[in-house]
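Each of the next two complexes has subunit A plus one more chain, namely subunit B in the first and subunit C in the second.
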Partner chain A sequence: MLKLKNIDAFFGKTQVLRHVTLHVEAGEIVSLIGANGSGKTTLLNVISGLHPSRNGSRVFLNVETRGMKPEKIVALGILQVPEAEKVFNPLTLLENLELGAYLRRPDRVKLAEEMEKVFQLFPILRERKDQPAGTLSGGERQMLALGKALMGQPKLLMLDEPSLGLAPTVVSEIFHIVRSLNDRGITILLVEQNAKEALRISHRTYVLDTGRIVLSGSGQELLNNDEVKRAFLGKDYRGKWER
Partner chain B sequence: MTFGLQLFQFILSGLTTGSTYALIAIGFSLIHNATGIVNFAQGEFVMLGGMFMITFHSLLKLPMLPSFFLTVLSVAAIGLLLEFGPIRRAKSKEILILVMITIGASISIKGLSMILFGKNPMTLPPFSGETPLILFGAAIMPQSIWIFGITVSIVLALNYFLKKTTTGKAMRAVAASRRSAMLTGIPVDRMILLSFTFSGALGAVAGMIITPITTTSYDVGAILGLKGFSAAILGGYGSMPGAVIGGLLLGVFESLGAGLISSEYKDAVAFLILLTILFLKPSGIMGKGRLRRV
Partner chain C sequence: MPIFNPDIEAMERNELLELQNERLQIVVNQAYSNVDFYRKKFDETGVNPDDIKSLEDLKKIPFTTRKDLMDNYPYGMFAVPLRDVVRLQFPLGIYGNPIVIGYTRQDLKIWRELVARIMAGIGITDHDILQVAFNYGLFLGAVRFNQAAELIGAAVVPTSIASAEVQLRIMQDFRSTVLISTPSFALHIMETMKRKKMDPRSLSLNIGLFGAEPWPERVRQVIEENFKIKAYDIYGVMELIEPGVAGECSARAGLHIFEDHFFAEVINPHTGQTLSAGQEGELVLTTLTTNAYPLLRYRTSDLTALHYEPCSCGRTMARMDRVLKRADKMISVRGINVFPEKIEEVLAGIDGVGPGYSLEVTEKQEMNDRLKVRVEASPEIFTIREERKTALQESVQLALRRAIGLRVEVEIGKIP
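Take a look at the complex of A and B:
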C-alpha cells in the first residue's frame, strides 16, 4: 500500500532521515518506535507532504507522492493525527468534524450520517458537540482528532504518539479503538513512545535510530529482541542491561 | 450648544471614522490570522478604494452602484495579486521577509498612484446629498449613515461567512493551526489568497465610504493603515470583534481628542492609545494572551 524507498530528509544541513526504506501493506498495523529525536515525527511529516524529502521514492497505492501538496496526499487517503495541534481549538467539535470531511464536501444529510458514526464510536463527543475543542480533556481531544481523521475516510491512518500524556485507562481505551479501526479495514501506521503497547498491537514494527531503520520484524520477534528490550522496554528488563 | 450635546456630536463623528478604522482593522486581522504577517499595504488598499471610485464615478461618469462594485473588484484583485505574486513566490517564508515585501508593495502602490492620479487631493460627492439629519439635537451627515450601514452589513456578512460556511470555517481553522489545517486537507494556500482578496475588498470599501468626508490623495494610505493597525492592536490583534470594538473606540477617542483638546493632535491621540495599550495590555481588549504549555 505504502512503499518508501531510500528516503533522505534534512533540517537545514542536518540530515534527520537516512535512506529510510519501509512498506505498509493494506490491513496492517505497523508501528514505528525509536528514541526522542530519532526522526519518527519527521518521517510521518514526509509521508504527509509537510516536510520535503530528498532522493528515493514515496509510493502510495501505485502513485508517486513526492512533491505533492499535503491536501493532495490527504485526498489520496493518507491522514495523519499529529502529536501536537491535533484539533482546531477555537472551533466547536461539530465544526472540527465537518472540516474533517472538507475535501469530500458531503451534503448535509450525508455529513450528519457520518458524524453519527463518529459519535457512536466516541459517545463522549456527542455530549460536548457545541463546545470549542480547546475545552476538551487530553483523552477527549485525542478522540476528536481520531473522529476528525475518520471524517476524511482514511485508507492509511498515521497516528503520532496517540497515548502521550494520557492517563493509563485512557491509553488502553485509545489502543482498543485503534485496534477496532483496524478491524474495520483501516491500515494503521503508529508512532509510539509506549513501545511495549505498540509492539503488542502491531503486526510489524520498525525501529528508528538517529534517522535510520535499524531493526524490523513482527511485534513478537522484537518483544524478544535483547536490543529492543534494553533500549525501549527499560526498567522492566533490568537484568538485560545490568549484566 | 450645551457641553453634553457637543460631546454627543463628537461621539457620533468619532463612530463614523471609527467604522472605517474597524474595516481596515478587520483587513489586518484576516491576513494576520491566515499568515501571521502584518500587511503594511493595507492602508494603500484604502487609498486605492477612494482613487478608483473617483476614477470610475467622477471621471468615467459611471453610475454610483457599478462604480462601487468595480472598485471593490479592482482592489480585491490587487490584494489577490499581491499574494499570488510576490508573497507566494518569495524564496524565504520568514515572517520578517514577508512583512518587508508588503512594505515594498506599499511604497510601489503609493508611487504608482502618484504618477497615475497626481498629487492633488481629490474628493467624492457624498452618496446621498449633504443635508444633515438632526438626531436629538446633533447633526448627522447622510454619509455617516451610509458609513454605519455599510460597515454593519459587512461585519454581519463576514461573521456569517466565517461562522456558517465551510470555506469560512476552513479559514478559521487555518488561523487556529496551519499545520493541522494542512493535515486535514484544507488548501492553505487558497485560504491565504482568499484572505488577501478579502482584505483588498474591505480596504476598497473603507476608502470609498470615507473619501466624501475626509478627501483623499495618493499619500493617505500610510496614516490610514496606521490608524487601522492601532485599532487592531487596541481591540486585540487577530480578533474580529476586537477589530470592530478597537476601530470604534479609536474613532471616538480621536474625535474627543480633536474636539476637546485640539484637532492638531488628532493623529497623536491614536498613537498615544497605541503606546498605552502596548505598555499596559499588549494583547488588547479582546485578546486572550497566548496560553503556553509548560
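Take a look at the complex of A and C:
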C-alpha cells in the first residue's frame, strides 16, 4: 500500500532521516518505535507532505506522492492524527467531526450517517457533542481526534503517539480502539513511545535510530529481541559488550 | 508439492527485491554500528552505510573472507552482546585460528523454518518418519533436522552414526520413509543392503535428503535406483547456517536460495567481479536477517551459477546449481571437510616430518572415500628402527584424526 524508498529529510542542514526504506501492506498495523529525536514524527510528516523529503520515492497505492500538497495526499486516503493540537479546542465536538469530513464535502444526510458511526464507536463523544473540544479530558480528546480522522475515511491512518499523556487504563482503551479500527479494514501506521503496547498490537515494527532503520520484524519477534528490550522496554543490562 | 511459506517463497519477484533492499539497509546499519570490524572496513574503504541505497550498491562493500572471521576470533564479528546469544558453534577442521558463530533465539527460529521449507518442498509431511543418519557430533547442523521436523510434525529417528546394519534394521522396523545423511553414508548403507541381499521394496523409504559434501548426478542415480527413492540435495554454509541456505524442490532444477534471508551473488574468484546469471563462479552471500553474526558479502568458496527464471514448482526464489567444485583447496571426504592448510598445520607440530607432503584421495562410487597423506620425513628416518618409524606414523595419524575428525592413512617416505 505504502512504499518508501531511500527517504532523506533535513531540518536545515541537519539530516534527520537517512535513506529510510519501509513498506506498509494493506490491512496491516505497522509501528515505528525509536528514542526521542530518532525521526519518527518527521517520517509521518514526510508521508503526509507536511515536511519535505529529499531523494527517494514515496509511493502510495501506486501513486508517487513526492511533491504533492498535503491536501492532495489526504485526498488519496492518508490521514495523520498528530501528537499535539489534534482537535480544535474552541469548536464543539460536532463541529470538529464535521471538519474531519471537510475535504470530502458529503451531503447532510451522509454526514449524519457517518457521524452516527463515530458515535457508535465512541459513545462518550455523543454525550458531549455540543461541548467545546477544549473541555474534554485527554482520553476523550484522543477519541475525538480519532473520530475526526475517521470522518475523512482514511485508507491509511497514521497515529502519532496516541497514548501520550494518558492514564494507563485509557491507554489500553485507545490501543483497543486502534485494533478495532484495523479490524474494520483501516491500515494503520503507528508511532509510539509506549513500545510494549505498540509491539503487542502491531503486525510489524520498524525501529528507528538517529534517522536510520536499524531493526525490523514482527511485533512478537521484537518483543523478544534483547536489543529492543534494552532500549525500549526498560530491561537493564550492565554493558553493551560483555566479552 | 506444497510450499511451506507461500507468501514469501512464491512472492512477486519485484516485491522480493524490495524486501531484500529494505533488509539489506537494516543489516548494513546494524553491522556498521555494532561490529567494529565492519565499521573499520567501511571507514577504510570510504564506504558510508548511507551510500547503500539499492541492492546494486552492495558492490561497494568489500568482501568478507574466512580469514576475517579467524582474525576476529572469538567474538569480534558478533553484532549483539553475548547475553543475547543462545548458541555458539565451532566448526571443526578449520585451520589457523578457529572461528565461532553465534546465534540468537530468533536466528535459530529462522534457521529451523528454512530447513522446514526444504522438507515441505520435497513432500515431507507429518506422516513421515525421518531417519537422520548424520554424525550429530561432527555435523553441528544435524540437530536442525530434528527441529524442522517438529515444526512440520514429522517423526525423527536420530540414528546418527549407527552402523549400516543397524541403520537398515531401524529403517525396516520403524518403517522410515525419509533418509537424511551424507550421500557417502547413503552409499555405504546401500552397499550393505545389497550385500545382505535385502530387497529395497521391503523398506518404506521413498525420499532421500542428502548434503554436506559434493555428490555428482551419477551418484544420485545410483542411490535412487538402488533404494527406489527420490533423492534431493540440500545446501548450507558452515559460517552462516548449514544446512538451510538452499535446497532442491520437486522440480530439481537447482537449489532454491532463501533470498528473503540471504542475498546471493556469484563472482569471478580471481578478479572479484560480479558475474551475471547463469555464469559459474564463487557464491557470495550476504545475510539479510541474521542478528548475532551478520556477514556482508561473505565468500563461500563454493562454485555455482545462479538462475532467476521462475521455477515450475511455483517458487520465485532464485536457484543455484548444485555445488560440485570449490574455489579453495578444501576437499570433502565422506562428508568431512578437509583443508590441506589444516594438514600442514598438524605436520608442522610434529618433529621429524614435513614440510613436504602430498594427499591422495581414493574414490568409491565417484565419491571421495579414503584420504592418504604421504609425508616427507627428515633423512634420519631411514636410519632409525622400523618400530620407531611405525610409532611416528601412528602419531601422525592420531594427530590428524584429532584435528580433522577423520581416519586417514599415513605413509612416511619420499614424495614422488
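Keep in mind that, in the parts below, the second predicted complex is superposed on the first by the 234 of 243 C-alpha atoms of A that agree within 3 Å, B and C clash if a C-alpha of one lies under 4 Å from a C-alpha of the other, contacts with A are read in each partner's own complex, and residues count from 1 in each chain.
Methods note: contacts are C-beta pairs under 8 Å (C-beta built on N, C-alpha and C of every residue); 3 or more make two chains touch, one makes a residue touch a chain.
As the structure is a computational prediction, the values presented were derived from the model and not from experiment.
Visitor: Touching A:Glu221, do we find subunit B (first), subunit C (second), both, or neither?
Guide: second
Visitor: According to the stated criteria, A:Phe11 is in contact with first (subunit B), second (subunit C), both, or neither; which is it?
Guide: neither
Visitor: Per the contact definition in the header, classify A:Ala75: touching subunit B only (first), subunit C only (second), both, or neither.
Guide: Touch status of A:Ala75: first partner only.
Visitor: Would you sort A:Lys148 into first (subunit B), second (subunit C), both or neither based on which partner it touches?
Guide: first
Visitor: Could you tell me if A:Ser48 is touching subunit B, subunit C, both of them or neither one (first, second, both, neither)?
Guide: first
Visitor: Do subunit B and subunit C touch any of the same residues on subunit A, and if so, which?
Guide: Dual-contact residues (subunit A): none.
Visitor: Show which residues of subunit A lie in contact with subunit C when the two form their complex.
Guide: Interface residues on subunit A, with respect to subunit C: 3, 5-6, 18-19, 21-23, 56, 209, 212-217, 221, 224-227, 237, 239-243.
Visitor: Given the complex with subunit A, which residues does subunit B contribute to the contact?
Guide: Answer in residue numbers: 166, 169-170, 172-173, 175-177, 179-189.
Visitor: Any idea which subunit C residues touch subunit A in the complex?
Guide: 18-19, 21-23, 25-26, 29-30, 33, 49-50, 52-54, 75, 80-84, 104-106, 291
Visitor: What residues of subunit A sit close enough to touch subunit B in their complex?
Guide: 48-50, 69-71, 74-75, 79-82, 85-91, 95, 98-100, 102-103, 105, 148, 152
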